[in-house]
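Each structure below is given as structure tokens.
Both complexes shown next keep subunit A, but they swap its partner, so subunit B is in the first and subunit C is in the second.
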Partner chain A sequence: MARMSQKRKREAIAGYLFITPNLFGFLVFQLIPIAVAIVLGFTEWDLINEPIWVGFSNYRNLLKDPVFQLSVRKTLYFVLVNVPVQSALALLIAILLNRSIRFKNLIRTLFIVPWVSMAVAVGLTWTWIYNSQFGLLNEILVKVGLDKIPWLAHPDWAMISVIVVNIWQFLGFHIIIFLAGLQMIPREVEEAAIVDGASTLTRFFRITLPLISPVLFYDLIVNVIGTFQIFDLPYAMTGGGPGQATRVYNLYLYQKGFQFLRMGEASAMAVMLFIIIGITTAFFFRVVGRRVNYDLT
Partner chain B sequence: MKKPLHLVGEVCFYLIIFAILFVYLFPLIWQFSTSLKTMDEVFRGFSLIPNKPIWENYTISLRDFNVGRYLLNTILVAGLITVGQVLSCSMAGYAFAKLRFPGRDFIFFLYLGTMMIPATVTLIPTYVIVLELGWVDSLAGLVIPFFFGNAFGTFLIRQFLQGVPRDLEEAAEIDGAGYFVIWSRVMLPMAKPALATLAVMTLVQQWNSLVWPLIVTQADTWKVLSVGLAAFRLFRTIQWNTMMAAVVMATLPMIVILFLAQRFFIQGIQFSGLNR
Partner chain C sequence: MRKSIVLLVLLALVVVSGTAGAQKVTLRYMFWDQNQQEAYAASIDEFMRLNPDIEVVMELAEWNDYWTKLTTGMAARNLPDVFWGHAAYFSAFVARGALLDLQPLIERDNIDTSIYYQSLLDFWSYEGAQYGLAKDWDTIAFFYNKDLFDAAGVPYPSDDWTWNPQDGGEFVRTLQLLTLDDQGRNALDPNFDPKKVVQYGLGDIGGANMQAGWLNFVWMNGGTGVLDKPYGSKLVMNEPECIEVLQFWSDLVNKYHVAPPPEATVAGGSPWDLFTAGRFAMVPAGSWMLTAGRSIETFSWDVVGMPWGPAGRYSAFNGLAHNIYAQTPHQEEAWRLLKWLEGYESQKIVAEYGCVFPAIGELVPTFLEAYAGRDPENVAVYNDMAENTGTWPMHVNWNEIFDIIQRELDMMLQGFVDAETTVANIEMQVGHLLQ
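Right after this comes the complex of A and B.
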């Protein structure tokens, strides 16, 4: 600092002043809470009495807790159904829309209407559509001569019904991303393949897919990370039920922390979620990441 | 070049697209239709257009189910956070993009490093902070933890301002402008598209957010729409028509803003999905 010229010094002071509000928020509501969560994970604490240091026992108890195991399985199931179906559908529609097209802005905008809509609100809308007695879906089923389905009322159906809503809500978001990725593919490559007589399917697997693989890969990772943290829809639609059918990870964490006031265990769960997401992401990078083609884009 | 599509083919193409969109958006159409029906009509079976639209469902929902209060709270909370985030992120984004100061790259690296950490991790400690400050069930408790911005917003503004040529700053400096003037008179006008993108992304995110308001408000006074609506599920008898009226009021404002600011939403999505 001592050797800095007057101008550099003034610039540095200005720099610190400009980042002060942001850095304050970052430290107090991001960085310090992360550190505190890790520490709290080693304690037992009900918010009222003093926290007690318990070492790794929260983690040991959680791993033995059948509801915890169930919530991990439920969440994995959610991710494994949601992400591939959502990506495939979005890619399909994006390819359909990837041409010089009229009403392009209108169409793109209409596709993201569910995405800007409050998850709790659309969750309630779908709860009405799924209603066993009077809901729209069962009315259609009866009209075409099928039996009613207890969409949200039966443990066998509830999870998949919630996943469908999640796929629906975020579909447009992924369409926009894939469409932008597709538009980065040079026209000439596509045209050369057509001249060479490549079929639509060959063009998809040999040209389109490799060329948008970086966009696809990044989107998959972000989607996996986001879906692991699913909360709003199951909270608003089923509250984790019926029974434990839709008790996803964050619902159980919320229950532990804010209904049973077991802050230590809930903090340990939060840290474990981070670890689970980290492992999954690393796995993704190793298994899928190697196939991603970064050369041509 | 692609062969010009045959006219019939082209009409079919648009028919398919708009048919897909109709099915895709039908839940929202159905929601609006239900919100204007009587309860008799709601249970009578399929009809899209209500016999006589019952707009009273909206006033009932606003008054008797406290949705009016929730709506005002939501506007206040989401609005304040958006203003705070845009200001704070535009200042920090400018500093990270244009000013040199010791530790800059390290701090920015820390920002990026925490972007992948799930929000759940900070939830309990942040709640403890707010509890200690006595901010449970208050506007401060809802707003302050998000008011100062986040890594995403700072990153967005920084990326944008890095593309602004140095000549502009230098010209302003020669004119004797200080850093504050450069920020407010040169950078902010240049960064308008990025600021608008950040503003709409933050607004939607905060308008719709559930987890934080859910844990930080217990009394009705400061409940926001997401929290108030989520409690509807627990009512013994559900008035589907007034409930759908509340749902329309919770979603329509963001849909209107989406149509007014389409470009910035698309840019925001592309930024969050395409930067590598």
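Right after this comes the complex of A and C.
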């Protein structure tokens, strides 16, 4: 092997030094806990006594547990509703904000505020708004002569009510990503299309969409991964209720670990979620990823 | 020269006091009720004065975080040395060996346990060992807003009022007169609109409110409760007496419309907030809420005992105790603190603040004196409620069992299922947890 030149060696050292803080954080807060969780997933641990090795029995028990199955279905439903609606809305708003409109900065800020707020605070505020008896929304419905809606009170409504808040809360984040993508589109391409007489719709589907497809794809992956891990909002808004209506995966995981003192099973759940997300992401890379256009010229 | 001698002496002093400080043992003390902070701080100050070798640090963790903090603390082997215990959580901790057995220490120091209510001591005994003495006790009664009664022209409830699960009796009639829609019509008015209620007769009847809520009515109807016995393996909620009461509880919301569905008070405002805002005429409240009641300034209020049911009048009787972490490195000091806190002098200091009923019967009058000349006038009713008490359900998997019970009961209270189906649903889910 050829020896590195003095200069390259120094550069390499500098490089590693630059990533040290990040690498340290990754090791301590991510890699080690992940390894511990994988090991704990094979044990029975009540947080108090020493963990006992039980092999795959946590996984077997979980797969048989009806509440576990239910929490998987609830989470899938959450992802399937949240991701498409949120992305479509964010894209639409980003396109509008990309034009020169009045109060552009003010409107952008308004969309960002919920995203930078604490999820628990957002959730609690919305429980006030949604409250079936004394809440703002129902007060308005009654004022205009409609019936009250049991937003968080009825199992058929609760999930969708939580999803709406989630869509609203993180809309700003996705808008920013899309805006960045839209601003990458070269002006000339758009202008050329206008000169050629392409309609707005054609320009959107033939130019805008293909040119921002890497950004769309990135956003899709981030959104899917993030939504699978939804926790704060249902935790703060419904605690998983009414009944089991909003008991999403991570909420059940948290309860298993910290309320029911079954940290082994909770760890196994974390590992399984990791696998589920891994498979889903791989699926998207195969099916959607190959259609992404990385050529901006 | 003289200056340097002074300096040397000063230096020596610093060194000496420094080492003295190092020998001082620091105990961590965790509790959840801010209302009791002042009283316990006074008691602990006195303890530290009498025990200069011990420093006690008080750590307040609100109820909602308290148990998570304790369990994560155990995982990290970093727990307060002395902390408050609650019957609902005790069984899970003790069965897993997290608490120190006090029996040998009680015997060694000849502690006279006869000064405590026996039923309180029983809470903390498990498989022949004793894990706590007794800090306090509590019973359940109703807080009511006198101004709302006056405005509705309804006489204040008397101590001999009654209820029954068939038509609700005097209890439900009172609540109906106090439930008003946006036109000011009460729930007995034929034109009353249950969809536009602005003031409810009763609040805080969610599935989670077992201690101050539905369980008391099960007992008053002659039912056993939740489990056949403490640490029992049989669910007895399918007794007809219990199902009848649960249906009655649901009727309060869905038939009589005198109480809001649990969601309306769980999400949004706590029942207590809504009571203090004058939205509820009455709430069931444990005696531990008396101190919180002192901050009510906008209306006058009082307490009334539980209404008499078909099988008499019952209340949950519960009490807290101090527990010691089994792995504490300062076992002896922690025991000294616990002995002090459960002892006569400390309970007297705390009783004088009037925040919780002392576990030592002799001190109850001291506690009641703290209420002379202030609301509620009828505070002694909590003492009467201790005459007939039900058995508190305990189980090593209680957290999981109760999670199921409260979810299913809330579904029932929202009016989606009847009581019989609810109990069947609960039975189906808790079976494997009871063995």
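What we mean here is this: the second predicted complex is superposed on the first by the 259 of 297 C-alpha atoms of A that agree within 3 Å, B and C clash if a C-alpha of one lies under 4 Å from a C-alpha of the other, contacts with A are read in each partner's own complex, and residues count from 1 in each chain.
In this section, a residue touches a chain if its C-beta (ideal position, glycine included) is under 8 Å from a C-beta of that chain, and two chains touch if they have at least 3 such contacts.
Treat the numbers as computed from the prediction; the structure is a model and nothing was measured.
Looking at the shared chain after the overlay, A:W128 reaches both subunit B and subunit C. In the superposition on chain A, A:G241 contacts subunit C only, with no contact to subunit B.
Of the two partner chains placed by the overlay, only subunit B lies in contact with A:V271; subunit C stays clear of it. Within the superposed three-chain model, A:L47 lies in touch with subunit B and with subunit C [touch as defined at top].
Contacts of A:Q259 after superposition: subunit C is touched, whereas subunit B is not reached.
When the two structures are aligned on the shared chain, A:L152 is found in touch with subunit C, with no touch to subunit B. More residues of subunit A lie in contact with B than with the other chain of the pair subunit B and subunit C. Residue contacts after overlaying the shared chain place A:A88 against neither subunit B nor subunit C. In the superposed model, A:L80 makes contact with neither subunit B nor subunit C.
By the touch criterion defined above, A:P114 reaches subunit B but does not reach subunit C.
In the superposition on chain A, the residues of subunit A touched by subunit B in one structure and by subunit C in the other are 47, 127-128, 131, 134, 237, 239, 258, 263.
Of all residues in subunit C, those touching subunit A in their complex are 67-68, 71-72, 74-75, 92-93, 96-98, 195-197, 260-261, 263-264, 266-269, 274, 279, 397, 399-400, 403, 407-408, 410-411, 414, 416. Listing the residues of subunit A that touch subunit C in their complex gives 46-49, 127-128, 130-135, 142, 147-148, 150, 152-155, 237-244, 255, 258-261, 263. Only residues 1-2, 14, 16-17, 20-21, 24-25, 27-28, 30-31, 34, 42-43, 45-46, 87-89, 91-92, 94-96, 99-102, 104, 107, 110-111, 114, 116-126, 128-129, 131, 145-151, 154, 178-180, 183, 204, 207-208, 210-211, 214-215, 225-226, 229-230, 232-233, 240, 243-244, 246-247, 250-251, 254-255, 257-259, 262-263, 265-266, 269-270, 272-274, 276 of subunit B touch subunit A when the two sit together in their complex. Partner subunit B is touched in their complex by these residues of subunit A: 1, 8, 10-16, 18-19, 21-26, 28-34, 36-37, 40, 47, 93, 96-97, 99-100, 102-103, 105, 107-114, 116-122, 124-129, 131, 134, 136, 139, 143, 168, 171, 173-174, 176-177, 180-181, 191, 214-215, 218-219, 222, 225, 228-229, 231-232, 235-237, 239, 250, 253-254, 257-258, 263, 266-267, 270-271, 273-274, 277, 281.
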